[in-house]
Amino acid sequence: MPVTVLLFAGLREIVGAGELSRPIEAAATVDAVWRDLRDHWPALTPYGPSLTCAVNAQYAPMSSPVQDGDEVAFLPPVSGG
Amino acid sequence: MAPRFAITAEPLDVAALLATAQQLHDLLARDRNIEGPGAVILFVGVVRGRHQGQEVRALTYEAYTPLAVASFERIAAEAGVRVADAVLCIHHRIGTLEVGEPSVVIAAVAAHRGEAYAVSRFAIERIKQITPVWKREVLVDGASWVEGATVDPDAPEPLADAWSRTCP
Amino acid sequence: MAPRFAITAEPLDVAALLATAQQLHDLLARDRNIEGPGAVILFVGVVRGRHQGQEVRALTYEAYTPLAVASFERIAAEAGVRVADAVLCIHHRIGTLEVGEPSVVIAAVAAHRGEAYAVSRFAIERIKQITPVWKREVLVDGASWVEGATVDPDAPEPLADAWSRTCP
Amino acid sequence: MPVTVLLFAGLREIVGAGELSRPIEAAATVDAVWRDLRDHWPALTPYGPSLTCAVNAQYAPMSSPVQDGDEVAFLPPVSGG
């Protein structure tokens, strides 16, 4: 049951990829996807408190459920303009 | 006519966005039988050659494009709650920009200037809070991602803060 | 490079004024060793198709040109008292304009957006108070001069009122 | 001892000219020039309280002295922008 994970800016550079497929368990949440990533790339850990996220290109809280095939994006602090 | 909201790797065309925004307000005004465009505020953000004392050589912008465009739509809807009859267009550039190039252009159009200024200022404050765009500064001695804001788009306080910066 | 201040019968060129204002701020920043242009606010006043319920066919603008240009210089100096490192450019058109055409373009440039918004809003408020330009509305059923403000340029209250409309 | 008088907008239309030469007396003021005009074109009278003026393309109060050859401009309420 994979989800597509999108990573940007500093997160992308730590992982070395902007898009990756990760398996999830049944009844997973965005937060579970994040914890899985963090376990594989501990350098992501400092970003935890300053993350926002999106599911299928919509803003979503970390507690949101994720399903098979969802696109889960992790967004470090934004700096547009 | 240019799209109302865009993330683009092409250089931004201020005159084209002005024309589009005026046309959209003209259509809105005919549709609603209200006064047409009288004031346009164009906000143009440009790459500054120096930031906090360090010389900037270039900036690279990256976006989560579908959510960034959705954020512009959201910001326009939020603006409409307080200012009913304005038109907002936003184009943000991505890729590598030289010093002096526009990174973002916002066109806010209304019948009267007070409303246009308010919508313009609200939009840029809100973009800086919630739009998923990131900039990487290339300085003389290295490059780094600028880490700006972490804002829950649904939280009321940042929304109120953005309005608090608009003109009376 | 376009002149900083002008009264002109030619159509106004928003992109040219943007480029001029950016260049001027860049020169200022080098000269003073400060941060260069980061935000440009362009105010574009356009002929509205309806005014107080009446359909407007065209507007004719007339100016006392030398004093109008001097008023722009004065407004820039007044702005400089409160916002030290901004650049202000103002072009106002005269002659007969169709609905939708720009009558005035103001470019306010600063390192940061708060200053640019403040100078922009201050400038348009002050122009409407003291710049010797007059507009004649051509309506469906006749034409008349619009009589706006009578303000002593040296009076402190209107100056304070113009600042009071700028963004915090 | 003539001065050049400039008139704009509604004032210009009442007088039928945007520029005219008017004689002045020694030690005259802008206000005296205005009174002379108003006596010749009484339709100008309602503009008196809402006028501003300029001498030689500089803002000036109505009490300003005018001299031979000065350019005196009378400005009805402005409406630029």
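As written, the chain order gives the labels A, B, C and D, with residue 1 at the start of each chain.
Note that in this section contacts are C-beta pairs under 8 Å (C-beta built on N, C-alpha and C of every residue); 3 or more make two chains touch, one makes a residue touch a chain.
The shown structure was predicted, so the numbers you read here are calculated from the model rather than taken from an experiment.
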Check: Within the chain touch network, how many edges lie on the shortest path between subunit A and subunit C?
Finding: 2
Note to self: For subunit B versus subunit D, what separation do you get between their C-alpha means, in angstrom?
What the structure shows: 48
Notebook entry, point to check: How big is the gap, in whole Å, between where the Cα atoms of subunit A centre and where those of subunit D centre?
Noted result: 73
Note to self: I'd like the Å distance between the centres of subunit A and subunit B, where a centre is the mean of that chain's Cα atoms.
What the structure shows: 26
Margin query: What's the distance between the Cα centroids of subunit B and subunit C, rounded to whole Å?
Written below: 22
Item checked: Multi-chain contact residues (two or more partners), subunit C -> 45, 124
Note to self: Two-or-more-chain contact residues of subunit A, please, as numbers and ranges.
What the structure shows: none
Next item on the list: Would you identify the shape of the chain contact graph, picking one of line, ring, star, complete or other?
Entry: line
Item checked: Pairs of chains found to touch, sorted by chain label -> A-B, B-C, C-D
Notebook entry, point to check: How about subunit C: which of its residues touch subunit D in the complex?
Noted result: 45, 61-64, 66-68, 70, 92, 103-104, 124, 127-136, 145-154
Checklist line | subunit C partner contacts - residues on subunit B that touch it in the complex | finding: 14-15, 18, 22, 26, 29, 35-46, 48-51, 99-100, 111, 113-114, 117, 120-121, 124, 164-168
Next item on the list: Can you check the complex and tell me which residues of subunit A touch subunit B?
Entry: 6, 8-10, 12-13, 50-52, 54, 57-59, 61, 73, 75-81
